[in-house]
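For reference, the structures are reproduced in the following blocks.
Each of the next two complexes has chain A plus one other chain: chain B in the first, chain C in the second.
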Partner chain A sequence: MEWLKRLDSIDPRWVYVIMALSLVFPVLKPIGLAISINKETTIPVYNWIESLQPGDIVVGDVSFSGGSEGELGPQLQAWFRHCMQRGVKVIMVAQWNTGERLGYTLLEETAEQLQEEGIPCEYGVDWVYAGYKPGGTTLWRQMQLDFWEACAETDMLGNSFSDLPLMQRFKKWDKATASDLIIFSAGDPGVGTYTTYFPDYNIYVGNVAVQVPGAMNTLRAGQIKGLLAGLPGAAEYELLLDKAGKAVKLMDAQSMGHAWIMLLVILGNIGFYLGAKERD
Partner chain B sequence: MTTDPQILVQAICTLACYSYLIKENFAYRIAEYTLVALYTSYQITRLFHSFIKPYWQNYAIGEKQYYFILMGALGLLLYTRYAPPQYRWLARYPIALSVGWGLGGAIARSPRPVFTQLMDVMRPLNTANNVLFFVFFMAVMSYFFFTTGKESKFIQGSGRLGRYIMMIGFGTAFGNTVQGRISLFLNRLSFLLTDWLGISI
Partner chain C sequence: MKREVPLVLTFLMTLLRFLFEMINPLLNYEISEGVMLFSRISFSVTFMYCMGLFMGLINLTRVHGNTIKRRREHWIYSVWLLIVLYGYAILGLFFGGLESEAFNWIYDAVIVPLDSTMFSMLAFFIASAAYRAFKVRNVESLLMMVVAFIVMLGNVSLGNAIWGSESWLGGFSGIKDWLLAIPNAASQRAIGIGVFLGAYAAILRVALGLEKRYLGGTDW
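Let's turn to the complex of A and B:
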């Protein structure tokens, strides 16, 4: 039983090697573990887009950078796909300059796939990427008064708003033009901008997993209406769309990683308990 | 395997970053320093083109709002931190102004989201969930009750329950952090497998 006592001092490199293996194999050969859909968090986001009429405008915010792409990228793409499938128009802004280009690349990739499938997804008509605008969170207040002026009348690509048909319907950002919005946020500035300046709007959120416990307060208080939680949130959304994508493919590996960590916690505690008895 | 140099650099940097798990090494440091240098230079350039240049051109010069020049000069005082010791105190003025400005703005705007959550605490005790929420909320609050009644057995017991409740909360946050880190690795893994090695997943 000596080896059991050594369980609380396993060489971390073994932990990493086994973790890597337990993540790589399910990615290469998926197991097909079940994914349950959260009724409190994911379903409201899906139902929101389902409840909109073709032609309605929603605003999305890319407030993340490369470090969060793994979780928020699939969420953004699944949500965008849903909007285009329903004929809902999308205008994207970005509070983080570091994720501005990344968000556009992800949407462009999805737009190409949608067009190959015959789903209308024309830039300027079905969606516009206004992108990052300098000025901090107070600029978002200015967007409510005059969206065009606040954005210097240009999108991220340098196109004039006057050349983009969708923008003719979106001179200012108020409840009459777009009362619903979603923010894909990995930190600050993020959701606080909207709960502060847009408290009467229907706010939906896509968060990285580490933010989810903190975001539950705002969900319960009704400040936000729905929440996509990390990679599982993206996978659930993909399943709701009946279009399994990257998130669904990676969920087996995610579950295996969690299983390995749970096993380590149990083994570490056994080792610690037996070692503590001897030390006493 | 792709020969695209951009993907190749990304792949090498990804592997260099994860090589830290074995031990700190030269490749990891190169990747780390490259990232920090790139990010810093990018931010400086962006700040110049997004803030300093347009404000100077549009407002200070274009609209003759000369107080922007005063603000710019005040901002430059921040760099007196690198001046000889007898001039370093000058850096406190722009810091004091920006902190005061920021605090004032935050205090003016923050109450609404916070009070919405405070109002949500007042729930009718008509469901088991709400009763539990009320008990746990009071227990956690009593843990932070540092004035009178600290010697009371009731407050002590309630505070202990509050501590366990918070530990469950922290455990949830930690579990989610682990999930986030695995997701981050999976994103890099899928990049290495698909974009770099050309294996479809």
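Let's turn to the complex of A and C:
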């Protein structure tokens, strides 16, 4: 029983090594654990795109950077794929300059896959990436009045809006042109910009897992209509599209990582309890 | 004057921005054909953002320039910082920007992976911290541990495999959803209202000139 008491002093190197193995092995050889789909959070986002007509315009916001790519990247790609499959037009903005190019790269990758599959996804016609524009929430307010002027009439790549057919339908960002939007957010500036300045719009959110508890009250209050919650949200969306991708693959790794943390907490407490009994 | 001008400007700009949100005709007011008053204000804010970036550049150069000049500890990192700062800015400004392969490669192959790596390390730190610090010493910590386990299992497929969402109470996932939607949302609202009132009071103090520390200096 002596070894049990040593459970609260495991060498941290073992903690790290086993964590690394728990994360790497399921990625290399997926276990295939079943994933359930959340009716409160993920389904409303999916149903939203399903309810739109081909040609409708939606706006997406990339408010994350490389640190959150693991969770929000698959969300963004799955949502974008869904829009293109349904013929819904997408205009992207970015509140984070550090994530502007990352968001574009992710969408470009998905667009290439879609085109290979024969799904129309032409830049300028089906989607436009306006990108990051400095000016904070004041500029986002200005976008509602005159989107072209607020964006200096150019997208992230420097193309003039007048050369992009989709932008001819999107001079102003008002409820008549696009009343629905989604923000993929990893912090601030983020969802607050839209709940404050776009309160009448239908707001959907893709959040990193740590932000989900903070977003639940806005979901319950109806300020946001749907929520993709971290990696599980992305995996659920991929399954709804019947196109299992990166997120589904990573879910097993997340399961194993969580299991190792829980096991560590239990082992630590056994050691602590036995040690405390001896000390008493 | 050094004191009064910034205070008056702060008050006027706060009032103006407030009025734009409160009075809709003002938001849509055109100073001439097709030129909206708000768009001018918006561009001044954009200009200030850019100036802020420029000020940051000067400040970083001064701080790290001094570190290099006085050979302070780890001064070599300051040299590296300035090389990266100016090198990347010059590459973006004068060598094609987003059309430059080198510029994009640095972003795709250095910045994004470094950012992801920093964030990924949290998994290891959290595992280690949870193991060392998460000890059941009383009923409250036991409750916290039980809730943490339910939320963790409810978030991953392993939890679904143990106690599925189709079974009693919706399994781990169902209980997690209830915890997030009811007790958590209630406490988040309380925290949110508290934070908002605090921020509102702080903004009001700045607008009315009661809070002056943002002006810098010590003589007020």
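Quick notes
Everything that follows uses one rule, which is that the second predicted complex is superposed on the first by the 280 of 280 C-alpha atoms of A that agree within 3 Å, B and C clash if a C-alpha of one lies under 4 Å from a C-alpha of the other, contacts with A are read in each partner's own complex, and residues count from 1 in each chain.
One rule holds for everything that comes next: a residue touches a chain if its C-beta (ideal position, glycine included) is under 8 Å from a C-beta of that chain, and two chains touch if they have at least 3 such contacts.
As the structure is a computational prediction, the values presented were derived from the model and not from experiment.
Because the two structures share chain A, they can be overlaid on it, and in that overlay chain B clashes with chain C. Once the two complexes are laid over each other on the shared chain, residue contacts for A:157 go to chain C alone; chain B is not touched.
After overlaying the two complexes on the shared chain, residue contacts for A:269 are found with chain C alone; chain B is out of touch.
A simple residue count on chain A separates chain B from chain C, and the partner touching more is C. Looking at the shared chain after the overlay, A:101 reaches chain C, while chain B stays out of its contact range.
When the shared chain is aligned, chain C comes close enough to touch A:252, but chain B does not.
Once the two complexes are overlaid on the shared chain, A:24 sits against chain B while remaining clear of chain C.
In the superposed pair of complexes, A:142 makes contact with chain C only, with no contact to chain B.
Contacts of A:10 after superposition on the shared chain: chain C is touched, whereas chain B is not. When the two structures are aligned on the shared chain, A:34 is found in touch with chain C, with no touch to chain B. Residues 12, 16, 23, 67-70, 134, 209, 212-214, 217, 220, 230, 232, 254, 257-258, 261 of chain A lie at the contact with chain B in one complex and at the contact with chain C in the other.
By the touch rule above, chain C contacts chain A in their complex via residues 17, 20, 27-28, 36, 38-39, 41-43, 45-46, 49-50, 53, 97-99, 104, 107-108, 111-116, 118-120, 123-124, 126-128, 130-132, 134-136, 145, 149, 152-153, 155-161, 164-166, 171, 173, 177, 180-181, 184-186, 188-189, 192.
Residues 21-22, 46, 50-51, 54, 109-110, 112-113, 116-117, 119-120, 169, 172-173, 176-180, 182-190, 193, 199, 201 of chain B are the ones touching chain A in the complex.
Considering their complex, residues 12-13, 16, 23-24, 27-28, 67-71, 73, 97, 134, 192, 195-196, 199, 208-214, 217-218, 220-223, 230-232, 246, 249-250, 253-254, 257-258, 261 of chain A touch chain B.
For chain A in complex with chain C, the residues that touch the partner chain are 10, 12, 15-16, 19-20, 23, 33-36, 38, 40, 65-70, 98, 101-102, 105, 133-136, 138-139, 141-142, 145-146, 149-150, 156-158, 209, 212-214, 216-217, 219-220, 229-230, 232, 251-252, 254-262, 264-265, 267-269, 272-273.
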